[in-house]
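Chain lettering (A, B, C and D) follows the sequence in which the chains are written, and residue indices restart at 1 in each chain.
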Amino acid sequence: MAKKKAAAKKPAYSKKIEQALADLVIANRILANEGVIDAFGHCSIRHPENPGRYFLARSRSPELVERGDIMEFDLDSNPINADGRTMYSERPIHGRLYKSRADVNSVCHNHAHSLIPFGVTGGGIKPIWHVAGCIGHDVPVWDIRADFGETDLLVTNNAMGDSLAKTVAKNRTCLMRGHGAVVASHDLKSTVFVAIYLMANAALLKEARELGQVQYLSDAEVKLTEQMNFKERSQNRAWEYWARRAGFKTAVNV
Amino acid sequence: MAKKKAAAKKPAYSKKIEQALADLVIANRILANEGVIDAFGHCSIRHPENPGRYFLARSRSPELVERGDIMEFDLDSNPINADGRTMYSERPIHGRLYKSRADVNSVCHNHAHSLIPFGVTGGGIKPIWHVAGCIGHDVPVWDIRADFGETDLLVTNNAMGDSLAKTVAKNRTCLMRGHGAVVASHDLKSTVFVAIYLMANAALLKEARELGQVQYLSDAEVKLTEQMNFKERSQNRAWEYWARRAGFKTAVNV
Amino acid sequence: MAKKKAAAKKPAYSKKIEQALADLVIANRILANEGVIDAFGHCSIRHPENPGRYFLARSRSPELVERGDIMEFDLDSNPINADGRTMYSERPIHGRLYKSRADVNSVCHNHAHSLIPFGVTGGGIKPIWHVAGCIGHDVPVWDIRADFGETDLLVTNNAMGDSLAKTVAKNRTCLMRGHGAVVASHDLKSTVFVAIYLMANAALLKEARELGQVQYLSDAEVKLTEQMNFKERSQNRAWEYWARRAGFKTAVNV
Amino acid sequence: MAKKKAAAKKPAYSKKIEQALADLVIANRILANEGVIDAFGHCSIRHPENPGRYFLARSRSPELVERGDIMEFDLDSNPINADGRTMYSERPIHGRLYKSRADVNSVCHNHAHSLIPFGVTGGGIKPIWHVAGCIGHDVPVWDIRADFGETDLLVTNNAMGDSLAKTVAKNRTCLMRGHGAVVASHDLKSTVFVAIYLMANAALLKEARELGQVQYLSDAEVKLTEQMNFKERSQNRAWEYWARRAGFKTAVNV
């Protein structure tokens, strides 16, 4: 019933937008398949033609997300085409990052396991590895308790989203104490890339610390490797690989 | 032969009960697929219409459990419809928890790997992460040796089940020294949820301890996150995801 | 060509033996599928009707072993029906354990990853967990260098096999420094069971040591849990589970 | 379009070379399937009939590489048959190792996770295990910063390739600080073998160090085990196993 109504009222999107939404579905599955996201977590894109809007799935595990689950929201996270669909309660994470950061066009919120221990022990994640240059020199830690006291740790209103966005500041990544992390980047593919290597870097950094004194990437190396990470060739090579692993057989644009 | 007799004598259950048993089969497969349970361990539900009874599979690995394997027991763990089927020797874990805790409608006993090291080193598991608020402030450790001396560590009679239930007390989770753990919650889906995040929290807590001083969830955060964990939306999102991963393709009620 | 000859000269085995060989194929696949064995390692059974003989695959990775790969050997590890097939160079591990231990009817040699670190740091594996009671109170470590000096660490002749068997002594398990482990038990299913839980116990013991002071199973608990581990019900439940995971769909005898 | 031109201009290779290229495709998939390589990393062979040339895939994730992706290069890493295909920027790793080492006929560059922590903490990998004898007594660490200062860590020109080759020297393996590793061996199968066990040995060495004082293989044991590792029987057994796991069903030459 709800589905029928949704179909009836669905905005007629351009071919360009439909392509972006198809990629968003792929991104959801990649993030689930690579272990960044489990039952929870979500990934969005800014509307390619209307910077005051973003696209995010209805309340559903990312591995199961299909085109029909994608909804449109304004930057206050009000739904444009709800049609009775249940929504993620944490969509203000997305809305407020898009509002505060004109350079951000895709956001991923996740609970990747390797990040949790860093989030509850004061952080300290830095890239040790060329593919992780893109996570940035430092990964700040946001603690919801600082501004909002005792909560269920979810970012469920715009004030919370603004507070988180303030800690994210100009960074591409941020941990959330006792909860997870957020990744905000210039496009969808880079967001997936950063989310996957943020997770991998955390696991390897923990191991490195246990082995001895760690040589982190230098400031210049971080800058140079992040430029390299975001080259079209690197991005496409990784995207094709992850998409195939996630079950998308058709050749992607590489 | 035994199977034929079983078919003949099988109680005629209501549609509601058959739906609950179908979910119990799914829960068995989810727990196996997510690594909570291997060849051993089991999961039960209280009879939805008769609080003096519970349902549990015959002696079989959870990953293989089918509808025809589900048996009915009274709270002393006597079978109602054995029909020659072999039974788990540890069913008193279930019977005595149902007897002592009117609020418990589902029980899972498991040997999830990340829990074993905590059980043999004095415990100390506490939630560090919002999805683990549901495990409770503390996870007690029951040692069968305290009441029963040298044993094979199995909970094979009602006295042992009572002793375990006494340590579980009002908690939702409890470790068993040198053996595993028990999860007891208000319904089947929440039991599966708690079992999975108890396992994940233990693994991440160990890592966090190795990184530094751990910030656990505060008492208030535990209360607030467990309320949030048990909301229908959270439970259904996770259940749909885990059921699909375990091979149940048909849409569940979400 | 070689295969045709093999078929022509194959001894005509009884139905009982053929069943045992079918189970040996399943055991090979289970051990590979559960991660006990990778490209290397092997598993054998004593001839059910002739204690002076044993069955072991030709030189092939266990995951790929089929009925046609199984060869018969005497206790000096001479082939009875080679038919040009290449043999494992380490078959004396099997021959000499069968020779020295009338109670042993199945042997598994493996390089399970969790065992290697213990083998090169002096051992110390003891059961911490009821399903690992079957590995025995202690797991000795054999170092080929003690009797044979500098070698490639392989057990390639009967003298080496005798030396290893002397260290195994009356135990069911033994580590081999810089190499792997051996499991020797009263039948095939128990050998698979012990191999899997020896591997799991080592991984969990390492974690437990990192958490704090470890409570091992007491001597009496080891005895009582190993009796429990080897009950037919336990063995069959685990075997059915592992066989199904390894792709054997047909119901096993449970 | 590019593909059509490629087909038209493709050199006519001998049957022997086509067989070698088919094996190179298998090697790419094995390395991906065993976790040595993810989206990035690559594996090459020297031209079997022309030592001044080598074969390497176009810029594509190894798991997806097909016969049509394989390109031919000279030792300065100029393409012989580019046909518009995008190339790996790090092909000088391959070219300069072939140029400096007449005994090397296959090279693998990878970012296997277990190696990264060693590369940023001063190295120290040595074989602890007979299947890892082939990695050599020592695994040197190359730091691109020593000769080239601040970079994006990629080996993108011949001078960088020469510098790396100088550190590799006569070894079969070398770590690259903040980046990954290189394996250079006498043929394709041994390169795959060394890459897989270099990765496994690093993970197990870390665990062993955490358990206590590590007994490494002695110098003589390293020599004897590497001879043993490279015997045709060992190589073929492992290759058949890994190829089957990677989805190549047809029997290989064993």
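Heads up, the rule we're going with is that a contact is a pair of C-beta atoms (placed from the backbone, for glycine too) under 8 Å apart; a residue touches a chain by one contact, two chains touch by 3 or more.
Everything quoted here is computed from the prediction, not taken from an experiment.
*Asks:* Would the interface of chain B with chain C count as same or different, where same needs over half of all numbers used to appear in both copies?
*Replies:* Different: fewer than half of the residue numbers at the chain B-chain C interface appear in both copies.
*Asks:* Cα superposition of chain A onto chain B: how big is the rotation, rounded to the nearest 5°?
*Replies:* 90
*Asks:* Would you mind pulling out the distance in Å between where the CA atoms of chain B average out and where those of chain C do?
*Replies:* 33
*Asks:* Calculate how many whole Å lie between the centre of chain A and the centre of chain C, each centre taken as the average of the chain's C-alpha atoms.
*Replies:* Going by mean C-alpha positions, chain A sits 47 Å from chain C.
*Asks:* Quick check: what residues of chain B touch more than one other chain, meaning two or more?
*Replies:* In chain B, 210 touch at least two other chains.
*Asks:* Which pairs of chains touch each other in this structure?
*Replies:* Pairs satisfying the touch definition: A-B, A-D, B-C, C-D.
*Asks:* Looking at the complex, which residues from chain D come into contact with chain C?
*Replies:* Against chain C, the touching part of chain D is residues 128-131, 133, 200, 203-204, 207-208, 210-218, 220-221, 224-225, 227-228, 233-234, 237-238, 240-242, 244-245, 254.
*Asks:* What does chain B use to touch chain C in their complex?
*Replies:* For this pair, the touching residues of chain B are 38-40, 59-61, 63-64, 86, 89, 111, 113-114, 116-118, 120-122, 145, 150-154, 177-179, 206, 209-210.
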